[in-house]
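Structures given as structure tokens follow.
In the two assemblies presented below, chain A is common to both, partnered first by chain B and then by chain C.
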Partner chain A sequence: MDNGLKLGVFLCDCGGTLSKVTDFSAIKAKLQKLSDVTYVGISHDLCLKRAQQAMQKDIKDKGINRVVVAACSPELHENDFMNVVQSAGVNRHLLSMANIREQCFWAHPDKGKAAKKAMTQIGMAINRARFLEPVEQTQISVNKDVLVIGGGITGIQAAIELSNLNLKTTLVEKEATLGGKLNRFANLYPVQVSPEEVLATKLKQVAESQNIYVLTSAELIDVSGEVGNFSARIKRGNGEFVRNFGAIIFATGYTTQFSSQIYGLELSNNIITQSQLEEMLKSSSEVKQIPKSVCFVTDISDEHSRVSPLSALRNALGIKEKFRGEVCVLCQNLKVDGAGLEKLYRDCRNKGVLFIKFDNSPRISKQDGKIKIEVEDVLMSGEQVTLPCDLLVVEETSVPPLDSKVLGSTLYMGLDAQGFYQENNVHLYPTASNREGIFFAGNCHADLDLMQALTDASNVALSAYQLLAQGKIAVEAEKVMVDPNKCRFCLTCIRACPHHAIQEAKVNHEKMVAQIADLACQGCGICAVVCPAKAIKPKDWSDEQILAEFELLGEYV
Partner chain B sequence: MANESVLVIGGGVAGVSSALKLAENGFQVYLVERGPIIGGQAAVFCCKATETCSQCSVCLVPEKILEVAANSQISLVVNSEVVGISGGIGDFKVDLLQKPGFVDPEKCIACGICTELCPCEPQKGIYLPFPETAPRTYIIDKNQCLRFKGAECNVCQDNCPAGAIDFEQKPKELEVSAVIVATGFEVFDAREKGLLGYGRYSNVLTGLDLERIFATGDSVTLPSSGECPRNIAFIQCVGSRDEYIGNGYCSQVCCKYAMRFAKLLQYQNPEAKVTIFYIDLQTAGKGFGEFYKECKETIRFVRGIPVEVCKLSPNELEVKYEDLTKGKITKESYDLVVLSVGTAPRKDSWDLARVLGINLGDYGFFDTQDTLDSSRTNVNGIFLAGTCQGPRDIPESIAHGIQAASKVIQTLTARAI
Partner chain C sequence: MKAKGAFLPDIVAFCCAQSAYQAADTAGSMRITYPENIRVIRVPCAGRVDVLHILRAFEKGADGVLVLGCHEEACRHLSGNIRAKNRVQRVNTLLQEVGIDGKRVEMFTLAPNQGSRFARIANEVNERIKELGPSPVKSGA
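The block that comes next holds the complex of A and B.
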């Protein structure tokens, strides 16, 4: 029966190392007997250019239209082989691989069993290859404008860097002015520039840029569409309007909150939060009653946050400079794992700030309007220390702003346990969201100090540039496709898709079906698994391909 | 701006990240590495997963190496150092001194004939260091190769079918538009803290030693007896937060790796007792707080850094520290002591700083010109990436590498207009 299939099998013995444990010519002889197998070749180094050029020539000369490679892990060179297949004029998806190195010869000491398993693996790959389908590459044109949500330092910096990269950027801030926490901080230690100065420089750059459009007192309400062509609904005052963007960057930052339950204290005129202290230091000339002794107590409600201990260090020094007086910082572990923080800590000590470490939370009481702190100082053999003070500064924990949480869930973006944005992959793509074209920068997704947040801004700017700068994105069309005749539009796939890549569409102006956006789809295949009507098919791993593989696996087992 | 080329100095994880980002955005990149292969220090670190991933990020490194190897926009220039630079942004001329690596990676087909024929025994003088190297090339080990012992041996050169071996490689000159410096760090030499016994007692190891032992897939045994360690002490901040030796900074990686190693050692031997001596635990970072809570269940944490480690018997070390709960000097015995060594600036940064005309800052890391831009140097067109600028962990080095790439593209874009 002529089905038009011409299979070419390329074996690699990894520089001869695998030939020592099995007889490749025997494998070759067996494979040559299989139906549709037109060519079987053995190479020592398929990973190298020369062997790949030979492979390309063999595919062309022998008219091969399905390629099977039996070599090392596809993780290492699958993409190279796809390129070879493509350059030989065959669709790059008509390639099937068997990992006979890591998954077979390296793993099994028994040579006989390993040879049998390798043969089965190659057979499975051949069976799969019979059912492979081509996936065509297309290009989709994209909108090159970028939307940045949040006009704090991270958002401003991202906008400036995007503008340096020649991308038009709209910067949306819900408050009436840009700057976020720069407007509230009294200093930026260990950075030796004042927040006012930083803000002024950055705002000047924003104003001078032709590429940045600032929208203050504005909020993002909703986003539809997908990467390259998002439509953002923005509310400003009583009006609402829609703008189109190619990518969206969230830099919504964090907000702080004080838990009086954990402290067992209510705020008062001499028990204040770190933010209230910032305000006091910011307008220090107006402070009537200058506190003679100030205590910071941190590491009680959140031991592992960077925000509160850093705030204590910055403002301890701030108080020493502006009010003088006694300053004492009580903490469990001082966080100094950031640029310049150890130096800041030493500066504080040199200026006379006292640091007391505790393992058991201090007891805080009020006596005649004065505050009394009792603590076991672990550096003094747990000796009980009593500290009276004029002003107690309690720590705040950083939490996501409510509206950014709401926005996150409206846009189908993942949130972590604290409600901050969850990165797609903490290691690999620390600024990418689960949705293609939506990025995070700064403290809205991680606990960062200023310099780290600025690094984040640089990173997202480059990500957006890389995505949009060409004005078009290459994409594999319909690598996962919905059969409109089978789809019952039950919405299961739409709910299951982690990347929000599936939307509703109408066929012939009447029947509603699910439709997968090629740009947003990451090809994970979850929709195909959950579809009760079996209407969704990932072309690289269709049911036919997997069943054909299993057929041989069944014989082996 | 298209077709412009950029030089990245240093093939560690930061340099590799810069190079990849630049290449992905259409730049020609020369990645210059002093050693024979890229990957840097993190390439020899180990995975610290137990049943679960402990998020050490070491696995990102081989992945990036392979990406570089597959990227035709990146030219690897190994065994080379920058010895001179002239011109400015847009047209730097860079002189490279190529130390003879002797095997040309572009010609080597990795056939293995050279290793087979090499007369050096038992360790060959030419070999492939590990399978996933980039460039995929055999290297000549000068400690073994007979030529470097004065003999007139040409066996490999005469028999190489690809003509890849050349003992007379010449210096190169590159023309590039911008330069990224990503020369990395040095691990603090624990022998400088003599009282802690490293280099004197075989059962005192450093964090780096543990990385290497675990990376080879071995389990950790006592160097003195070959037995499995049962009572282990980690000493934090060795070479960090220490103004007396001139390192007044936190290395930012040691608390995390020590806790991960402690968990790994207990995973290997659930009976093993582990104590960590510390000043302040650095537990900030997504998800790390939870990991620390788990650690507290099985690991003893003691505040205070021991002053001295002594040897009681071949398999017994004595750690002397001040017990802060009692206010007394206390001695405890352990069979293995691990010194959590930190990151230090490279001692040869001074040479490169002089060649490039860039400034060194606090403690000997490269200095940034702009307090809010940690990639910018005092020379327009030369940028910094990774731990050569200050201590960073792997994900942060990657992010900083990408930041440097971003700044290069921004600067060159501005020039093009």
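The block that comes next holds the complex of A and C.
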């Protein structure tokens, strides 16, 4: 029966190494007997150009219309082989791979068993190849402008970098001035220059740039459209307007919050937070009553924070230098995991800052306006220590700005357990959100110090640049597709899509259906599974392809 | 009838391309071995695995099915691994209802660099399925 299929199988023995453990000509002989297999070739280095040119020629000469490559993991060279297939005039998606190196010959030392498994793997790949479908490549032109939300140091830096890369950037800040938290600090560790100077330099660059458009006292209301063509509604004063952007970067930072529950304390004139202390140090000449003894308590509420011990140490040293009183830091496990932090700790010790390590939270009480702290010192075998002090500085937890939740949900962005923006995959795509074209940078998604926040800003600027610089993005048209005839418009897929890639659309001026935006879709296939009408087909991972791989269960080729 | 010791189960392992599939590659690269009767099927996300796919694997003669995805909170598609976990539980119950041991389907999570975890899961599951013997669907066919 002629079904028009002409399968070409390309075997690779990886520089001859796999031929030492199995007989490739025997595999070839077996494969040649299978129906629809037009050609079987053996190569020693399919990952190299010359072999790929030969492969291209074979595909053309033999009229092959489905390609199977049995070689190393598709994670390594699948894209290269797709390019070869394409260059031979066959759609690049008509390729199926059998991973006979990593997942067979390298994993199974028993030669006989490995040889059998390899045949099964190739058989599965061949079966899958029968159901492959072409996917056409197109290009969509995109708006090259970038919207940055949040004018703290991260947002400022991102805008500067984008401007240097020649992308126009709109920087939206809800406060009246740029700078974010940096406006509040007297100094920053281990940065040598003052926060004011850091900001002044950056703001000068912003002012001089032709490409940065700053909007202060402004807020983002909502966003429609998708990557390459977002339209953002922005509110400023009583006015509202809409602008279009290709990408959006969130750099909304953090706010701090004191939990009186955890401490069992209320703030007062001699119990203050780190932020209040920052303000006090910043305007230290105005301080009337100089505290003679100051205690810091850290690591009670937020075990994970890096910046909280950092600010305790920095301020302990600041107080020691400015007011010269007794300074004591009570801590559980002081983490010094940032650049220069170990030195800061030693400087504190050298200047006479006392450290007390506890396991059980200290008991804090007030007596005649003075503060009394009782704590068991772990390093003194749990001996009870009583410390009177004039000023107690408690830590705060970093929390997302109050409107993150609202913005997160209007934009369909994921939030983590604490309400910070959640990266797509923190290891693989550290600045990407779950939505294509929307990125995070700085302290709105991670606990970063200034240098790290600046690096993050550079990374995110590069990501946006890579995405938009060409003015167009290559896209696989309808790689996941809704069949409008089957869709009953139940909205299940729209709710389930983790990347907010599915929208409502009208076909033939009447019926409403779900429609997938090719640029925003990341091909996970979740929609295909949840659709009750089975109206959605991921062309690279169709049910037919997956089921075809089971055909050989219980038998070996 | 083959002796029980000779029973080589057919195990289908749906592997997420972001994690478990790469973990299997890592196992191979480190030359960590595992039973060769595990058949890896690459999927873009554990969330692509449908109840239908799992049931069909049994129908076609699988003795056990594994769904291997990303660790919780590490799914590139946010909820894919959680959806997969729920579906595996649904299949557990479905199988149990028709008199097949629900333990024949299991879900595990891995990171791409966890080659030895992949091999350990493959070994343990292989042993468990051997204990259970051939799938009743298969022997009935």
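We take it that the second predicted complex is superposed on the first by the 530 of 557 C-alpha atoms of A that agree within 3 Å, B and C clash if a C-alpha of one lies under 4 Å from a C-alpha of the other, contacts with A are read in each partner's own complex, and residues count from 1 in each chain.
Here, contacts are C-beta pairs under 8 Å (C-beta built on N, C-alpha and C of every residue); 3 or more make two chains touch, one makes a residue touch a chain.
These numbers were taken from a predicted model, which means no experiment stands behind them.
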First (chain B), second (chain C), both or neither touched by A:102: second
First (chain B), second (chain C), both or neither touched by A:338: first
Partner chain in contact with A:541 - chain B first, chain C second, else both or neither: second
Touched partner set for A:306, first chain B, second chain C, both or neither: first
First (chain B), second (chain C), both or neither touched by A:357: first
Touched partner set for A:287, first chain B, second chain C, both or neither: neither
Intersection of the chain A residues that touch chain B with those that touch chain C: 416, 426-428
Parts of chain A lying in touch with chain B, wherever the complex brings them together: 15-16, 44-45, 47-48, 50, 76-77, 79-80, 161, 164-166, 191-193, 198, 302-306, 333-339, 341-343, 346, 357, 378-382, 416, 426-428, 430, 446-447, 450-452, 454-456, 458-459, 461-462, 465-466, 469
Residue numbers on chain A that touch chain C, as the complex places them: 73-75, 99, 101-104, 106-110, 113-114, 116-117, 120-121, 124, 414, 416, 422, 424-429, 434, 496, 498-499, 522-526, 528-530, 538, 540-541, 543, 546-547, 549-551, 553-554
Contact set on chain C toward chain A in their complex: 10, 12, 17-18, 21-22, 24-25, 27-29, 31-34, 36-37, 39-45, 47-50, 52-53, 56-57, 60-62, 70, 73-80, 83, 87, 138
Chain A-touching residues of chain B, taken from the complex the two chains share: 21, 24-25, 55, 57, 59-60, 66, 70, 109-112, 132, 136, 241, 243, 248-250, 252, 255, 280-289, 292, 303, 324-327, 362, 371-375, 390, 395-396, 399-400, 402-403, 405-407, 409-410, 413-414, 417
